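The structures come next, written out as structure tokens.
Consider the two complexes below, in which chain A is the common component and chain B and chain C are the respective partners.
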Partner chain A sequence: MKPLEYHAPGALDDAVRLSAEAGASPLAGGTDLIVQHRMGRVEVAHMVDLKKIPELNVLEFDKKSGLRLGAAVPCAALAECEPIGRLYPSLLEGAELIGSTQIQSRASVGGNLCNGSPAADTICALIVLDAVCVIQGANGSREVAAKDFMTGPGETALNKGELLVEIRVPPPAPLSGNGYLRFIPRNEMDIAVVCVAAHLVFDKDRETCLDAKIAVGAAAPTPLLVEQAGRALIGSKLDEPALKAAAQAASKAVRPIDDARGTAEYRRHMAGVLTRRAVGMAVNRFKESG
Partner chain B sequence: MEKQTPGGRPYKVIGTRPIRHDGEDKVTGRAQSGADISFRDQLYGKVLRSPHPHARIVSIDASKALAMPGVEAVITGAELPQPHDRMFLSGEGGVENFRYVNDRVLASGKALFEGHPIAAVAAKDIWTAEEAVKAIEVTYEVLPAVTDVLKAMQPDAPLLHEEITTETLGEKKKESTNVCRHTQHKRGDVDQGFSAADVVIEREFTTSTVHQGYIEPHNATALYRSDGQITIWTSTQAPFWVRRDVAELLELPLSTIKVVPLEIGGGFGGKIAVYLEPLAVLLSKKTGKPVKLVMNRQEVFLATGPASSTATRIKIGVKKDGTITAAAAHLVYEAGAFPSNWAVMGSMCVLAPYKMETLLIDAFDVLTNTPKVMAYRAPSSPQAIFGVESVLDEIALELGMDPLELRMKNAVEEGDRRADGPKFPRIGLKETIQAAMDSEHYKSPAPSGPNQSRAVAVGFWFNAGLQSSATVGINMDGTASVVTGSVDIGGSRASMAMMAAEALGLKAEEVRPSVADTDAIGHTDVTGGSRTTFATGMAVYEACQDVLGQLKKRVATLWELPEEEIEFDGSAFQHADNGKDPMTVKELGAKLTATGGPVMGHSSVAPTGVGASFGVHIADVEVDPETGKVTVLRYTVVQDVGQAIHPSYVEGQMQGGAVQGIGWALNEEYVRNDEGKMMNPSFLDYRVPTMLDVPSIETILVEVPNPGHPYGVRGVGETPIVPPLGTLHNAIARAVGVRMRSLPMSPPKLSAALQAKGLEAIAAPTP
Partner chain C sequence: MSTKRVVTATINGTDSTLIVDDRMSLLDALRDAAGLTGTKEGCLTGDCGACSVIMNGRLVDSCLVMAPEAEGAIIETVEGLAQGNDLHPLQKRFLEHAALQCGVCTPGFLVAAKDLLDRNPEPTDDEVRYWLAGNLCRCTGYDKILRAVHDAAADLRSSSR
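Take a look at the complex of A and B:
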């Protein structure tokens, strides 16, 4: 390991400037970056710590505009923010699956996204919840939909010198429910073999599905919003044929690989299994919400 | 079952649960482990490892590394003394050749596995050492690699060692091969045995390479002084063997080397062999400074000894009443990159729990381009017995017989012979099966939900004796100190103190146990083979008898009576005619100075009365048929533990062994790519069970005292890893009707098997 310089700017502009340097890498919780650096998978000459920048530590909810989640807010803080568990349970579920309790005190949702892993635990929820990523660069800010944020394994929509500042999640529709689950062979301390988030909006009859979004992770180079799976559910009362069609659409849409965590064939199968189960979770959430 | 001292008195200390003497230091993190040791002028070492599983080393150029500021030395295989043939006793009783230890520690000529050490550097800090390793230029001629045991046996397989031919039944064959040894055991006419059977079942099984998974990575720090005296600080199960191995490899007299064993963060058999110690010594010799090397987790996975992958074939024939008439076992074991004896060990275990008139066992040790296999808790027994227990489960179903009844009918007892010859002394398999039958778990209704079931399996381990030394000193206040050469892995300090307390009539807290370095105690073999409480405990017992003999003389002096009239009754010295008030060891402490000075006892033993241990495990499982994930609902370990000295640590061994076995059965495996490289060398992707993956493991201690030990001790640590493989396999089979016969039974594999069977069949399991 080569020596590196550590920077901890207090202003967003300084952070953007420092991050543009050669060999610079932004640091939030560091739970991915420091491990990768120590293992020699990335070489970092400048670590730019973002935890002291106010804009990246925002955590607030407004009934009209929804949730603002600063990119450096640790996952553990999400559980403390009351409306998140109630309105965005899929997001909280993802955040609470990242590492152990100790890790969650450091790891951030922003970092989870910027690491660019197709198996990231928070991205699928953000995709189905229509979240938007707010990005700051030297030439100003721009917005990218969560579904477009990851562009390949370890790759994101961020250009060199750009920082993810916050994630904005609109308030979910009144008659709706959402849920996230992943499959791991163990019950803790693992990375998703496949993961799925579902977000369902219901008609006034509380049975007919008006809108549905299904996102599948760890089964393609990037997390996927599987529109066909959503379409299979829309207009249905989530009966067996609709669920089967959604599961099949998810299995068909994925482009998995064989690796140490699972085979492509198994991931394809599991995309369908988890789609059904995530839809079930979303339905239960809706019913529980009264 | 008698539970008393050799003198016929009930135990006072043995069987109680005092707080362990080393507990606070370990709980607070104050205990000094190997990597905690540091010196003012210390250098840090790093090993350059082969990225290829099989390659010829064409050249090594370290000039750029040596030119880096802060780099003080680089060593390669060329700097080790020339390898020579010399046989030695390695972990768990196998015999090995030092020629291959030399080659394993630093490659010469060929890299034989991914992670094989090629060179090592010493530098001013670890970061410089890491960069220096990258600067060493090695030219490799990459060779085809073979990591699968059955492929490695093929005539056209890539050869690891040109000079190796098969040693079969004591004879060496001519042609070079990867099959380094063929072992056979025969009893009677097995064909006749099978034709006398009413039911014969033959099945094939495979298991994957698994690692011991100890938390603490290997480490070694060495100082080679200018006067030629060497000290090595390390975490090892066998400090005296580290001294022997380093002396042998570097051609040094034993007396120049002192090994200081520091606290060890798990071993399970994997911390017996030397890896870093010889490198640290060589680097220190070159630099004149202490050199410290610590592996990272990836190095531990790639380059330290895992347990063999196996391919086995088991055939068992039984009469309608369940009596076994014959059994045949064909065992193929991964040796790793250097000759091993693991199939030999498997052949000794595979049929050990059962009586039979005829048997045939063929076992093959096969070289592969993988790290050399080392001992892992009851080494070789789990893989061999896995197949036997699965076939017996099928037989029980076929006969409509309770699976424990079937085992009971065939269980070995005192006087029966193992396949490899030795007669069992007093053993407790039948008592253990009976205890399992009588257990609340087994008597309770089996789980009856969808895809749920219950099953059992048996396990066996010989346990070892070997050699141990101990001293016991009486302090001037009558308390005692116990010093042994056995590294404390599983609570042995507490056991040693308790046995000494029992012998001397003291409380456990009045005895202070410690572990000495190789200069401070007589030769003591490995902490392994479940031998420590047995053999080192016997040395402690004998040292206490030595102390009591000396103290009796002091009492005789004080009482002005002949020695013969004085007895020690376990609590105090008594006069035969009750003419004197009893005198305890505690009371004698203050009188030592006046009666001739301090008293210390010592003993060195090489006991032969080793007691084997058998276990029966019961598991309730549920399978998620969609995901293939198995949940262990309830798990009970029943085991003959001889006399439990400290029952909590016996239970801990049983629980720990079961958890490791559950990991082996369900998820643990070396995942390799087409080039033979390991894809999951981290605790993230090599999936040992977490505490959320197992239920609270229930334990039932069956205490059949070992007549070969004054306190009835049997080794207990290894047997409990054996049954889980078969237990979970059988439970899954009974739950969903699919016999995997291949480990691990991981979700992708189990899910694929269930899909192949068809989901409709799952509803009505027919195992």
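Take a look at the complex of A and C:
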């Protein structure tokens, strides 16, 4: 085994400095990093534990500014923060699909994003909810929209030495609903074949769709915001022609691969099917919200 | 050389001082430095749950925790379940239902089930299944384990009344 040194800085500046060093990897919950390190897929000489840094442990909701989710907060904490399940059910759904109870005790949403998997279970919800990623580097901080955060399989907008500090999610519109689902061959402990999040905003008549966002994951090198699918729904009462057009737009937008979990053709088909279902979930959420 | 350090943690209620290497996992630290070999190693990839322990109130796979992360932590392992010779109701019911064969998965199931029952004294069948989905058993089948957990939950409810 090669040498490894563990660091647990208490200040963000120190973590940024340490993470910029050769062979350094930030450590949040470690459910990707420790496994990848153990399997020899990444070489880590320094693990920089981010869990002692106050900025990365923020979990706050404010009616005006929305949710602030520190990058190192474990998924298990999301269910314990009441407004999340009510206002951002798609985010909670994604977080609760990650691995097992044990994994969710450790896995963070920040790590899920920074790992850069196109099948990551929290990214599609963050895209449709218009989330913003707050990034800190040696030269200050910057913001990147969730939809632009992943740039390729295993690749993100982060430069070496930059850290994701928090994710900000604006408060959803009063007349709205959102939902997330994935398709996997079994019920638990698997990785998405395709996944979709939907976020719908309604007019005062409670039927006409004023705004719609659809994001599809695991079906292209990065998760996709499918603008054509959203456009197909906007202005409609979510009738069959609109749903069909949205599903077709999703199937058309994806660039899936063949692998052990499914063929490209199957994924393309499922992107449409799941788009319909995710829209249905968002409608139900809106109706349940009264 | 990897760094060696002293980690102090409260393990099953006792203040413990462990000498660890930065490459070690909490699982290694528990087994090799603390001599607590009840916690088992299965996959080392977070899939099997044989290494489950409770750390600062959350159920974790100790193979996916670095040993130095345990500094100042409160850790509960399977060794903390029994009070002296008096087995925990979960342990009694696992024995009674023969909810184990080789036993490698058992400590993980016991610790995971204890954490569930501490949070939810009367879980539904679905709740037990989902909570324990990160614990794999390749011998027994899950039915006996489920029945043992439900019976232990009932025991704990009646003894707390």
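Definition applied: the second predicted complex is superposed on the first by the 289 of 290 C-alpha atoms of A that agree within 3 Å, B and C clash if a C-alpha of one lies under 4 Å from a C-alpha of the other, contacts with A are read in each partner's own complex, and residues count from 1 in each chain.
Please note the rule applied: a residue touches a chain if its C-beta (ideal position, glycine included) is under 8 Å from a C-beta of that chain, and two chains touch if they have at least 3 such contacts.
Note that the structure is predicted; figures quoted are calculated from it, not measured.
By the touch criterion stated above, A:Pro3 is placed in contact with chain B and with chain C alike.
With both structures placed on the common chain, the touch criterion links A:Ala76 to chain C but leaves chain B unconnected. Touch criterion not met for A:Ala22: it reaches neither chain B nor chain C. Of the two partner chains placed by superposition, only chain C is touched by A:Ile34; chain B is not. When the shared chain is aligned, chain B comes close enough to touch A:Pro185, but chain C does not.
When both complexes are overlaid on chain A, the residue A:Thr263 reaches chain B alone and has no touch with chain C.
When the two complexes are laid over each other on chain A, chain A has residues 1, 3, 39, 187-189 in contact with both chain B and chain C.
By the touch criterion stated above, chain C contacts chain A in their complex at residues 1-3, 22-23, 25, 44-47, 49, 52, 55, 58-61, 63-66, 68-69, 71, 112, 115, 130-135.
Note for the complex: chain B touches chain A at residues 126-127, 130-131, 298, 626-629, 666-667, 671, 679-680, 683-685, 687, 689-690, 692-693, 746-748, 751-752, 755. By the touch criterion stated above, chain A contacts chain C in their complex at residues 1, 3-6, 8, 27, 29-31, 34-35, 38-39, 47, 49, 51, 74, 76, 99-103, 105-106, 187-189. In the complex of the two chains, the chain A residues touching chain B come out as 1-3, 39-40, 183, 185-191, 193, 259-263, 265-266, 269-270, 273.
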